[in-house]
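First chain A sits with chain B, and in the next complex the same chain sits with chain C.
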Partner chain A sequence: MKAFEGRIGLIWSGLLLASVLALPWFKGGAIGASALAEGVAGRAWLLPLVAVAVALTALTFLTRNWRVHQAAAALVGAGLAWLILQGFGIGLRGPALPGIELLFPAAAAGQPGFGWGAWLAGVALIGALAEVLAARGFCRGERFAAFSIVGIVAALTLFVFFPILKLMSAAFIAPDGTLSALPFLARITAADLWSVGCLTGAGRCGVVINSVVLGVLSAAFATALGLALALLVARTDFRMKRALRAISILPIITPPFVVGVAIIVLFGRTGVVTVEVAEWFGVRPSRWVYGLPGILMAQVLAFAPVTFLVILSALEAINPTLEEASTTLGARPVTTFRTVTWPLLRPALAAAFLLAFIESLADFGNAIVLGGSYDVLSTKIFFAVVGAQYDLGQAATLSVLLLALTVAAFWVQTRWLGRASYVTVTGKSDAGLVAPMPLLIKWAAVAAVLPFVIFTAGVYMIVLIGGFVTDIARLEMSPTFGHIWTAFSFEVGDRGLQLFGSAWDSMITTLWVSALSAPLTMGIGILTAWLIARQDFAGKRAFEFGTLLSFAIPGTVVGVSYIAAFNVPPIDMTGTLWILVICFVFRNLPVGMRAGIAALAQIDRSMEEASQTMGAGGGRVLADVVLPLIRPAIFTALVYSFVTAMTAVSAVIFLVSARHNMATAYIMGRVENGEYALAIAYSTVLMLVMVVCVALMNLAVGRRKLGRRTAVTGTAQPAQ
Partner chain B sequence: MYRRFTLAAATALALLPVSTFAQSNELVLYCSVGEEWCRAQSEAFSRETGINVLMTRKSSGETFAQIKAEEGQPRGDVWWGGTGDPHLQAAQEGLTEEYKSPMLAELQAWAVGQAETSGFRTVGIYAGALGFGYNSTLVTENPPACWKDLLDARYKEDIQVANPNSSGTSYTMLATMVQLMGEDEAFAYLKDLHANINQYTKSGSAPIRAAATGESAIGIVFMHDAVAQTVEGAPIVTVAPCEGTGYEVGSMSLIKGGPNPEAAKAWYEWALSAKAQEIGATAKSFQVPSNSNAATPPEAPKLADIKLIDYDFAKYGSSEVRTALLARWDAEIGALPK
Partner chain C sequence: MTEPAIEFRSVVKRYGDASAVAGIDLAIAKGELMTFLGPSGCGKTTSLRLIAGLELPTEGQVLIAGRDVSRDPASARNVGMVFQSYALFPHMSVLDNVAYGPAIRGTPKAQAQARAREILDQVGLAGLEARLPSELSGGQQQRVAVARAIVQQPDVILFDEPLSNVDAKLRRKVREEIRALQRRFDLTAVYVTHDQEEALAVSDRIVVMDRGRIAQVGTPAELYERPATPFIASFIGDANLIEGQVVEGRFTAPGMTLDVPGQDGPATLSIRPERITLAPGGPDRVMTATYLGSRMEYLVAAQVGEMLVSRPIFEPRLAAGQDVSLHIAATDVSRVA
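Now for the complex of A and B:
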């Protein structure tokens, strides 16, 4: 056992040695071009890393337990520091930091980005660092947990914090490349951001004003509609409850842009509805839908289901005895609603409002299809990056603004919900009857919901048939599979199977990205949840905050920050498949984590402790005890990350390339070009693929099987 | 269960290199003509050579911006199609490769002229005149025939044109107006026209698509784009403005330092051949091909029948003039209230 202890973590020094001696160090390097070979050939700054690798390996063999040896800590620390310093210090075209060329004259020629060798060397050093920390008592010496924490922190630093910092610094870079606060101040005070000209009639409004106006209106309408839906479902004998719940799932699997396109088909200048109404009133059909009205319509349609679910769970959690008491005391239904139900709903309404507000700020797809001349932050950022006026500094400045707005909204949300107590579900009996809805409110709710249902039905009708008729925009309704064939044609000929359809490339990439990112997101998310719920370690609060931060960042900002951070060495990843996968993993991580934490909270620790007592290590406990018990959370995390990877657009639109195009980016191009039918046809296929894949995942993961004899009662379900 | 995932992940990793790193026999094409033509052309090339074409369609202004942004590490091989001005600007900034194709002998004079202007860093592949198209169900009486007719208050909020920053079509219009009227008069005209514009689109051909579906009444585009809509059955009437108009020489450039230079040259030679240039007509693109042996589609607007100005490609394709005109457009037109 003693002899074995000294060899613990041998894998890391072995990996480190292999990565500097055998693997290609630089991106695109040949097999023999290792750090040693490159170092000897002139890039002398790589040699210290080789020395660290050799020394660390020697240490594992020469000492009894290298992990507690002082030299090990020093070596690992120095190795990591040098890896980072040389990577950032010497760029593609030469030294990025002054003075380096004095030390290493060869640095003037520059160096390419990290390749396999450099990446694995980083992983090995992180692993060794975890071993050294664990040996010093971090995580009570639990090696698996220590490695997980150090690894996740390193990944978050690299893929969440570093890009954001890089983005912020890009906002301060002047057009000539120098760093100064002046361009940032000039950009951030520009009139096209803050102008209120449209209110006074003296010109256009700034994009920030536009975004906030849109966000507030959209959130207000969505919340009102969500409230109406929730009241109808929870408090009346309304017949269509199941249908309403089903409708609330739809926006989640609807690819972006199709709703916008359907709205144009219905309400555009030659839209079915517009033409009818214009004839009715004898006026000329107008382009009224392009701009605020159109975006607002699409957003309310998309966000109302979310607000509905938030408000519904709050409404169902209200203890009916309170309302019953009010009624017994003689209050009229309206009074009960106003003095009991409404105050108890307020936090949920606020939460729903802020949620919709944040979503509206981040929304890109609807704004770009229906925006017309109405600019919002997310589209303005997009044009600053992909437009002909390529200006990363401008995009970065706008992104910082958008981030500030979003974080402020998050902050208000947590502040608001953190204060008063709204607990009404207690251990005591809650056998009361819910108060009847005041008639006035009931009819108001019906009046609000009815147009929504008709509207949703209309939009999805267009989506359903639009891909299979000649041209829905011109109402040429002869059935055809031509659009599907344009997208997905193939041929089996002399050269084997050849895929000629224009959508194949993007479809295959999308499936790859989704299939790779979903298990990774799930794995890291559940692991993070387990660490937070079950491990005690220094800096746990900061760790939890860090994982949540990536959720608060709007997709557009993530996209721009990834371009700013990963377009140049050392981490040169734009244009690869991996940048897409990584983007999704870290954006969706918090969802898997939240699901995992909620599931773990319901499982008693004693089972894991029993397993540990029997001698299982952290990893074994997680695999054999915890994971089988939290299958529903695993399923949620898998499905969410899979579906998001197929439908998200705001971040990936910046990260796609000719080689790796994504379905949503492809659809956007078709919409931009007016090829609505093709866009709709592709979206239909995408939705079908999603449904099939989710069903397959359900089969693979399955439900949790518990050997229960009696059902558990009496535990209140926390509000979701 | 997690073993199953491990297995799946391992399989995925094992398969991945095949799809990700297979670099040979590929061509990364930046395409700036209509999507349908881009598709048909890439497909025909793959069929003939077996080289897999990775095609991205973006408007010419955007493609220029992308190539400039990727200057450090070019990711595209060929930039095919799109108006000549941004190609000339790319040539001037050294973003594209000098190459003299043996096919030059077969090309029309204007196509060779484009190559000579750029020091053989680009070459003409087709030509088309600027004009506009109107929807004949929306514009029934006294249809517009001249640029000045577009200022009529009847067309308030009813005309679409692209944003010259992103679209080469729209930049050609800007440059044409400056050459027709003089710079200050051109901007005065565009300012008056602004009242009738309902949206400055990103893509150059989007305005005529909007007119075809009736979302807008008039679209200012290249005439062949308007003709394509008519061929598809839309009620679009194509107009060659009476005052005279500019034209484009759609161009092709090899991107300097692209990842697949061999395949790029194969595409270049092929794209200049008569056979390849006749593909456009099958994809409803009715430009005039630059290879003199290629048949001009019967639907194509005849350049001889249109009053063409003597468009100064060297001047209006240069960086300084282009940047200055676009900056003035942003300040005087783009910033106007809408």
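Now for the complex of A and C:
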């Protein structure tokens, strides 16, 4: 055991030593350009790091247990602090902190961003920090848990909070580069943000008003529709139940734009429906669908399944005996529904509403395709960054506003609703029959759901056939594979397989990014879930809130914040594949985390403790006991993060580059050019690829039969 | 005296402001079965988890086999634990469950499995190695849990309310099995329960805990017959508490005097219901008489207050309303305050 502890110490100090002596310190540096070489050559500020590495290595050899030695804590702390200070203190073109060039004259020449050496030095120091903390009783001395927490906190700080802080500071930077509150105040009070002209009839509304109006309408319609769907599925013998549940999955695997494009194809000025209506009723075709009506339609279609699932789970959780009690007391079905069912559902309705509201504010894909001149925050941010006038300050200010709105909604949802929910599920069996739905309400629900079903069918019909006919937008319906061929043509010739199609690059990048980010997201998410559910450590509540908070940050804001944070040294990684992967990992983290926490809540904690008392460290406990028992959650996290990585657009649109383009960004380009058929064809391929990949994952992760063991609680079950 | 197997030295465990364990000192001898007994929230389970390493003390030291393990995680200690829910791994066979510990600690797989078979044989589970835990009865699962805890010859085996998931009728049998195994393997054992009868039956010594502190340590007989405080007197078995005054070695309360050594001043005496004898006729009166099959229980209104009396079934029975006189021998009372 003791020898083993010594070895772990050697791994971190060895890694640190290698990173300062052997690896290129700077981004794009030559093999020999280590911190030592660079330091000797004039960049003297790197030498303290070399000294820390040497001293730490000496300590691991010289002391019996370096982890508890005071000097180790001091060295690790000083090393980390200096690594960060010198990285941010000396920028690409010179000192970022005034005065540093007096200490190090060579700093005036600046330094490039972190390379392999610097990154690994950071990892090694964080590892050593975890060891030092664990030796002092952090995480009950479990080094694996300590390392996980320290590592995840460091990663979250770097990839979630640092960009947001950087973004906020960018909001205060004037066009001439100076820092002051005036430009922020000027931007945030501008009329094009807050004008209520459209309501009073004097022109257009401000972009904030637009966003909020859209959010409220969209959330209200989506919640109403979700309620109707949930009531039909949970409380009636409606025949299309299965179909309704299936429909709820569709938006998750549908790339953005597709629904928007389908709506244009149906209702645009030359749209299928528009033309028919014009012929039959003599209505002049117009562009009415561009703007609020179009976005609203697309968003309700996209969010209704989410609200449906939220309300359905609440509806199914209502103990039927409550409704039975009401009936036995003499209440008619309508009265029971009004006085018992409805009040119990209210928290879920509010939760669904807020969820849809947040999603609507964060939505970028539908707004950009269908928005027309109806500006919302997410599109406005986009045009401030990629438009003709690159204005990061403006984008940052709008992002801060958008962030404030979503975080406020998120806060209301977690704090206020967290207390208001009535959980009526108990361990006892609730053998009751659900109350019959009042006829009136049933038919109202059917009336609400029917148009939704027809509409969804129409949209997906367009998606199915649109890619395989000449031009669906003009109703030229002759079948063709031309669009697919434009995107994915290839040739097998003398020089092997050659890919000519215009979409291959983005498709391959997308697959790479998804394949890299899905396991990472799942791994970190499940690990985080395990830490939150099972470990007690100082600062746990803040840790939990921090991880969940990243859920409330809209994709557009993440995109802009990554540009603000990672365009310059020490961490310059825009334009790489890694920034795409990292972006997805930290955006999707909360989903894996929630799946993990839910699964862990079902598993008796003493099984892990048993494993510990038999000698397993944190990593073994996780591998031997936890992971085999939460396989379904792992699968969910994996599939979700993979699918999201393939279909998300809002954050990546800022981060793609010519070299690393993604499928969704490519499709958006086609939509902007009006090449709808190509966009639809590519989307169809994308959805097919996703289905195949999910099937493969199902095979790989496998759902090993748990036999007839239904209880994973480890409790005794007397034999029959 | 030889080195204790387990030692608590001024151990404190706090969660925020609340103390679960508020300073305990205790030595557990090798081969002894020590029970932590107390009402819920008294700190007995926390104390057990402090030995296991599933909690680390806020202050003080925990020593196992003479070594300070206060900062060692559970995985670095050599303890076996039987959990309340057994915590058998549902995805592993019985054999894999028992071989898990040795395998984790580096024993080659074949050897680990051979050792596991051996232990399973000794606890009477031979032939069930390939089953999954869910395919065993409650009693069998319990034995697997015990086998898994002792397979590594731990310094100490910990039982966390091991009978709470066992059918009431089986409890006596399982409890005797545990005791027999502990003696056969000469294990140091720490046992946690809130059931005083179980504690009396199974222990060499009992630690009674109250609000994070040790109230009394002693053999079952000592605790039952010489409780140190009113809390212990009424927590273990039934007790009649009589308040009065001691003056020059004589205890006086309304209607009774007894020779009780000790300091003068206010005093509380404890007397067990079965130590009180009743004679027909006298100043006291039977209020209720309850037939309990193995004994009669009477609630008697005496001058010192209401007294619970328990008499063997073969004695002449008394009826409610009857006048009686109550007799207490000085050797049968304990001064508890």
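Criterion: the second predicted complex is superposed on the first by the 683 of 720 C-alpha atoms of A that agree within 3 Å, B and C clash if a C-alpha of one lies under 4 Å from a C-alpha of the other, contacts with A are read in each partner's own complex, and residues count from 1 in each chain.
Definition applied: contacts are C-beta pairs under 8 Å (C-beta built on N, C-alpha and C of every residue); 3 or more make two chains touch, one makes a residue touch a chain.
Worth saying up front: this structure is predicted, and the values here are computed from it rather than measured.
Participant: If we overlay the two complexes on their shared chain A, which of chain B and chain C does A:Ser606 touch? Say first, second, both or neither.
Facilitator: second
Participant: Under the stated touch criterion, which partner chain does A:Phe61 make contact with: chain B (first), chain C (second), both, or neither?
Facilitator: neither
Participant: Looking at A:Pro519 after the superposition, I want to know if it touches chain B, chain C, both of them or none. Which is it: first, second, both, neither?
Facilitator: first
Participant: With the two structures laid over each other on chain A, which partner does A:Trp194 touch: chain B (first), chain C (second), both, or neither?
Facilitator: neither
Participant: Looking at A:Arg140, would you say it contacts chain B, chain C, both, or neither? Reply first, second, both or neither.
Facilitator: A:Arg140: touches chain C, not chain B.
Participant: Is A:Gly617 in contact with chain B, with chain C, with both, or with neither (first, second, both, neither)?
Facilitator: So A:Gly617 only meets chain C here.
Participant: After the superposition on A, what does A:Arg269 contact: first (chain B), second (chain C), both or neither?
Facilitator: First partner only.
Participant: Answer with first, second, both or neither: which of chain B and chain C does A:Pro628 touch in the superposed model?
Facilitator: both
Participant: In this superposed model, does chain C or chain B come into contact with more residues of chain A?
Facilitator: B
Participant: Overlap of the chain B and chain C footprints on chain A, residue-wise?
Facilitator: Correct list for chain A: 628.
Participant: Mind pulling up the chain C residues that touch chain A in the complex?
Facilitator: 52-56, 71-77, 79-81, 83-91, 100-101, 104-105, 132-134, 136-138, 140-142, 148-149, 152, 158, 165-167
Participant: Quick one: in the complex, what on chain B touches chain A?
Facilitator: The touching residues are 1-2, 4-5, 8-9, 12, 16, 19-20, 28-30, 34-35, 39, 43, 46-47, 50, 54-58, 61-62, 64-66, 68-69, 72-73, 75-76, 157, 165-166, 198-200, 202-203, 205-206, 209-210, 212-216, 234, 326, 335-338.
Participant: Considering the complex alone, what residue numbers of chain A touch chain B?
Facilitator: 92-93, 192, 197-198, 202-204, 264, 268-270, 286-287, 290, 372-373, 383, 386-390, 473-474, 486, 495, 498, 500, 502, 505, 508, 512, 515-516, 519, 523, 568, 572, 575-577, 623, 627-628, 631, 657-659, 661, 669-670, 672-675, 700-702
Participant: Mind listing the chain A positions that touch chain C in their complex?
Facilitator: 1, 135, 137, 140-143, 604, 606-607, 609-617, 620, 624-625, 628-629, 704, 706-709, 711-719
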